[in-house]
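Labels run A, B, C and D following the written order; every chain starts at residue 1.
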Amino acid sequence: MDLYEHQGKELFARYGIPVSEGRVATTPEEARTAAEELGGQVVVKAQVLIGGRGKAGGIKLASGPDEAFEHASNILGMDIRGHEVGRLWIEKASDIKAEYYLSVTFDRAAKQPLIMLSTMGGVDIEQVAEEHPDRIARRHVDPLLGIQPYEARQLCFAAGVPVELSGQVVKIILQLYAAFRGEEAMLTEINPLIVTPDDVVRALDAKFTVDESALFRHPDVAAMRDVGAADPQEQMARERGVTYVKLDGNVGILGNGAGLVMSTLDVVEQCGGSAANFLDVGGGAKAEEIVASLEVILADPKVDSILFNIFGGITRCDEVARGIIAALTTLDVTVPMVVRLDGTAAAEGLALLEQADLDGVTVSSTMLGAAELAIEKAGRATAASVS
Amino acid sequence: MDLYEHQGKELFARYGIPVSEGRVATTPEEARTAAEELGGQVVVKAQVLIGGRGKAGGIKLASGPDEAFEHASNILGMDIRGHEVGRLWIEKASDIKAEYYLSVTFDRAAKQPLIMLSTMGGVDIEQVAEEHPDRIARRHVDPLLGIQPYEARQLCFAAGVPVELSGQVVKIILQLYAAFRGEEAMLTEINPLIVTPDDVVRALDAKFTVDESALFRHPDVAAMRDVGAADPQEQMARERGVTYVKLDGNVGILGNGAGLVMSTLDVVEQCGGSAANFLDVGGGAKAEEIVASLEVILADPKVDSILFNIFGGITRCDEVARGIIAALTTLDVTVPMVVRLDGTAAAEGLALLEQADLDGVTVSSTMLGAAELAIEKAGRATAASVS
Amino acid sequence: MGIIVGSQTRLVVQGITGREGSFHALNNRRYGTNVVAGVTPGKGGQDVEGIPVFDTVSQAVVATQANTSLVFVPPRFAVDAIYEAVDAGIQTVICVTEGIPAHDMLLAWHWVRERGAVLVGPNCPGVCTPGQANVGIIPADIFAEGSVGVVSRSGTLTYQLGKELADMGIGNSSIVGIGGDPIVGSNFIDVLARFEEDPDTDMVVMVGEIGGAEEEKAAAWVADNMNKPVIGYVAGLTAPPGKQMGHAGAIISGSSGTAASKVEALREAGIEVGKNPTEVARIVAEQRGVTVG
Amino acid sequence: MGIIVGSQTRLVVQGITGREGSFHALNNRRYGTNVVAGVTPGKGGQDVEGIPVFDTVSQAVVATQANTSLVFVPPRFAVDAIYEAVDAGIQTVICVTEGIPAHDMLLAWHWVRERGAVLVGPNCPGVCTPGQANVGIIPADIFAEGSVGVVSRSGTLTYQLGKELADMGIGNSSIVGIGGDPIVGSNFIDVLARFEEDPDTDMVVMVGEIGGAEEEKAAAWVADNMNKPVIGYVAGLTAPPGKQMGHAGAIISGSSGTAASKVEALREAGIEVGKNPTEVARIVAEQRGVTVG
């Protein structure tokens, strides 16, 4: 789960990492009040869970409350790479002498946290990574022992942090690692980590991705989830406990297991179709979850047909069949469905479907065949609606 | 550093370990007020840094405020195995169905924390340890990984904790380990860990020994040190930064390095004398520390002679000689001194002493010779004062 | 013979008295797995249809010489179960549990490795050696005995592949689901190395998916170390970047972790890659000289 | 040859720009120790009377091939210095610092062991191989070259013993102060094993004191593993129980850890024990056929 900059900074502050003072605002009026309270120049920053907001015009310097109001009016509601701006972070403006980059990431391949530090931080860090990889100092940390101060010092010396600043940077590295570990993050990043003209080092941005599986231990972080920001259908899916990702095509997909569903998407494309979504009902789904999943898929008006691809392991195909039957009797389903059931209780499931004799439901015995059929039906539906 | 029961319980409570409600009292009046606030039966418990207070009459049950006042009057000022009772802990009385024993100790030999749990807790735990060692479940913990719940469960099953209580006991084991680790203890012990008739498990006593070297990280625990409780001379020594332990003899000892000082005590006894104290000035002592150390030794009226045994490594013998000369000019020293200087700058030190030509100061070139001389002088002093 | 589990397996099921634990313990036994014990703290002395239940894994090991553990414990307690199994001397631990916090696994991975034990999973369907033992939730009836090893990050996709192979009359030596989490106990290389050593395996199908760099590393390893042929498949060719596709591990960040880059790495290592499960099965059949119907 | 330090030693001093660090670094160099580098973070590029100073131990190792480190860093930062040295590839670390928190050392002990490095100390006077190298704060001029090894928990007591031996004309192969803290990097057994292997040592004096059970364990080990004669001494025969005698490790708890029980354990293992340093020197002299004056 990604956190907003202001939430990440709230966590940073708990671990002692210096950040600028600021306020959240969701209206231009609030932005003005925030600027009044903070005094002096402020920066109005769009809070979106995607990078590149600066280049997109989502960050503006304001000389005072009125200008803050004006910028807020322009930025709120703005679309930044598909994310609508719903809130702002108004913070005291900083004078910047240098921009550093600092991150702690969960390096799966090495099975160790990885710390990266560069004195060439700022918006072009990805370019630095490509053109001057030697300018990014890297260090893995033994997760059982945890970080030791010498590791932070080595990073500073390797990155070329001036000696007079290394005390502050060492401290921030140790604090950022503590935040990473303490909040069970998958990523914590400060870019830029600024140096002010009077040699104070401070986090000017905050990127924080936490492990969803660990949220039960961090109720305060769990509460930071922005239910408003997600796509309404993805939100609906989450509430129903299924994994749903919206895509651009017209064939709705419902399967069990992430790998099988991904494979199904690929097969649909390989057969000339285009998937409307990724939906994994997970293992051991009951009839109600099938109904709920269908509701999520059908909420997308672009869906012209639905492809069921179930290979029962923990999941029982008879439960899936019951779900399909229930959905067709309770929901207003107008799009055709192609159903492929295999594995645990497949025979029983197919028998139930045959017995129910549902309009618009076709059965297919292979994944490839089912995909072809679903595409064909979607195409026919599209043709019908166009004509 | 040992903590009082009530301080240990304060730390326990921070880690979630259930303890009884209570109040500190230093006068019978305070004990009465505490009993009034707590209501019902209370236990009046002497706070001393030594075991066996129950058997010595330092723990009494009171039916209410008046009896609490009465018991407090009796217990305050009581001498329990050489410790004068200066404060009490008044706590709500508990009904007891069973008494367990639980501890986490710093096992030097194994280089791992050791947890011990027994369902035969209470005052006779040492007898249990001797007669029924199998009734004490033991487990070492990997210090890098830290304790895992299964280890606590295994202890419960091995100790024979009833299944309906093991949930509570497992939790307390994990909490006690967290307290041990978090406060950097050398020992944390709950004896008894009681089970009430309604099956609540609670710590009825608390023994907590923390690592003095780690106190800089625990200012709150450092502040728990009871400066009033220590022997006034030991307290004086601590303030002067030297290690002093009072003993029963009449030959005052001053040396550098714990091993050498212990060896000096042994040699004094082997030569038929008896040491008045252990005093280690540490490494690299300056003249002022020698003066301060002599003040500590001379505060003991039983001292009849003083034996200096210095082997200079970091410590410079000329500094020691300067300290002796300064002490004799600033303090009113009436006891004879025998000085043995060896190692770094010994020649310079001896030359300084010779030059100063001090009354009552004799030089000896060997440890054994110096010990014999100091004993002889102490004996003569004793004889003189007796006659 | 197969790998990881087989006729030598003496299985203890941790969390056996739970709904899923008991269902799959019995299912595994029905298949022929030697299920010798179960563990549920506080339920020692009971039994699950004849399988004795113990309070601790230690007790189970002492009483039944269990050598393999199947972990069916909820995510908050699952790492603890893994530690307990390894500490009790179990040398093979298979963890089905989904949703274990990644930082917990990070520590457990190092601790388990240092003690020389083999961990498969978490969030994996388990391991099946057809005809000998099935440990986990794999619907083993799909798979026939044979000599093609299968290693996969995904559960149901493995079944799909097994089904496609079975439809062509091809059987398997062992099927290993390594799991889709960011940190898994055994990765592709660990399992491929075992297949390379296994006399009953003569070819391996490796099923990857988007996210991480394990497929790329495995490809390089195969090129340098494997003599047996490997056929590859990677799911998620059409997955959009930045979206987590179900598995905690399945997410494309930037340009790394895409299916296309994985397929390219596999091909560069000389591994033939099928574009979907049906094609993978066809390639296997062709390489084995099986007539494709 | 001697043990732990010698003519092969290439020493880096951590904390070299501190008062004690520079004093003893130069003192060690004066004795003949090959002091190749110093480390003080932020002072890289400076030098201490010709000894180059680096920011990190890694840099020092790369530039000077240092193989041994002497840690003179304040207690709050000393474990970090030990980790840094071992991580940089230093295989012998000698830590003089007193007052390191015991829990810090508990973790460091395991971490250092796992990496195969030798740690002596903390809270120890160091190691001296007369005529070759002196690493630490031992006043080395007391000791003559010879073949009696000395291992001790106490600093000044070691000097006392060396002086008594020297007075009888007996020299030493190496003198090792293992330190008096609850957790030390090398214990008696570690050092005795090295003396047993060392061709230049033909007898060992072992100096213990109250507290812990290391002397007892060493005694048992000597009985089972050592061919060279060992002479023992234990300080603190008159120490009262429950009082901490200076060293964090020197405390008698209950009936364990007393000098009497240690002496008994040593004698049971066939080790002759002197009742004070003078007697120990006399026993050594007698066993070597030196005429006692």
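To be clear about the criterion, a contact is a pair of C-beta atoms (placed from the backbone, for glycine too) under 8 Å apart; a residue touches a chain by one contact, two chains touch by 3 or more.
As the structure is a prediction and not an experimental result, all values here were calculated from the model.
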Which chains, if any, touch subunit A and subunit C both? B
Winner on C-beta contact pairs when B-D is weighed against A-B: B-D
Just how far, in Å, is the C-alpha centre of subunit D from the one of subunit C? 51
Averaging C-alpha coordinates per chain, one finds the centres of subunit B and subunit D separated by a number of Å equal to 28
Express in whole angstrom the distance between the two chain centres, defined as the mean CA positions of subunit A and subunit D. 56
So which bits of subunit D are touching at least two other chains? 107, 111
Per-residue overlap in subunit B, given as positions that touch at least 2 other chains: 142, 144-145
Linking chains that touch, what shape results: line, ring, star, complete or other? other
Chains that touch, pairwise: A-B, A-C, A-D, B-C, B-D
Under the stated contact criterion, what part of subunit D meets subunit A in this complex? 41-42, 44, 55-59, 77, 79-81, 83-84, 87, 107, 111
Under the definition above, what is the set of subunit A residues touching subunit C in their complex? 106, 108-109, 111-113, 142-144, 181, 184, 186, 211-214, 216-217, 243, 245, 247, 255-263, 265-270, 275, 278, 280, 283-284, 311-314, 342-344, 366-368
Can you list the residues on subunit A that touch subunit B in the complex? 144-145
Quick check on the complex: what are the subunit D residues that touch subunit B? 20, 75-76, 98-104, 106-107, 109-111, 125, 137-139, 142, 152-160, 163, 180, 182-183, 207, 209-210, 212-214, 217, 235-240, 243-250, 259, 275-278
Show which residues of subunit B lie in contact with subunit C when the two form their complex. 142, 145, 148-151, 153-154, 157, 163, 166
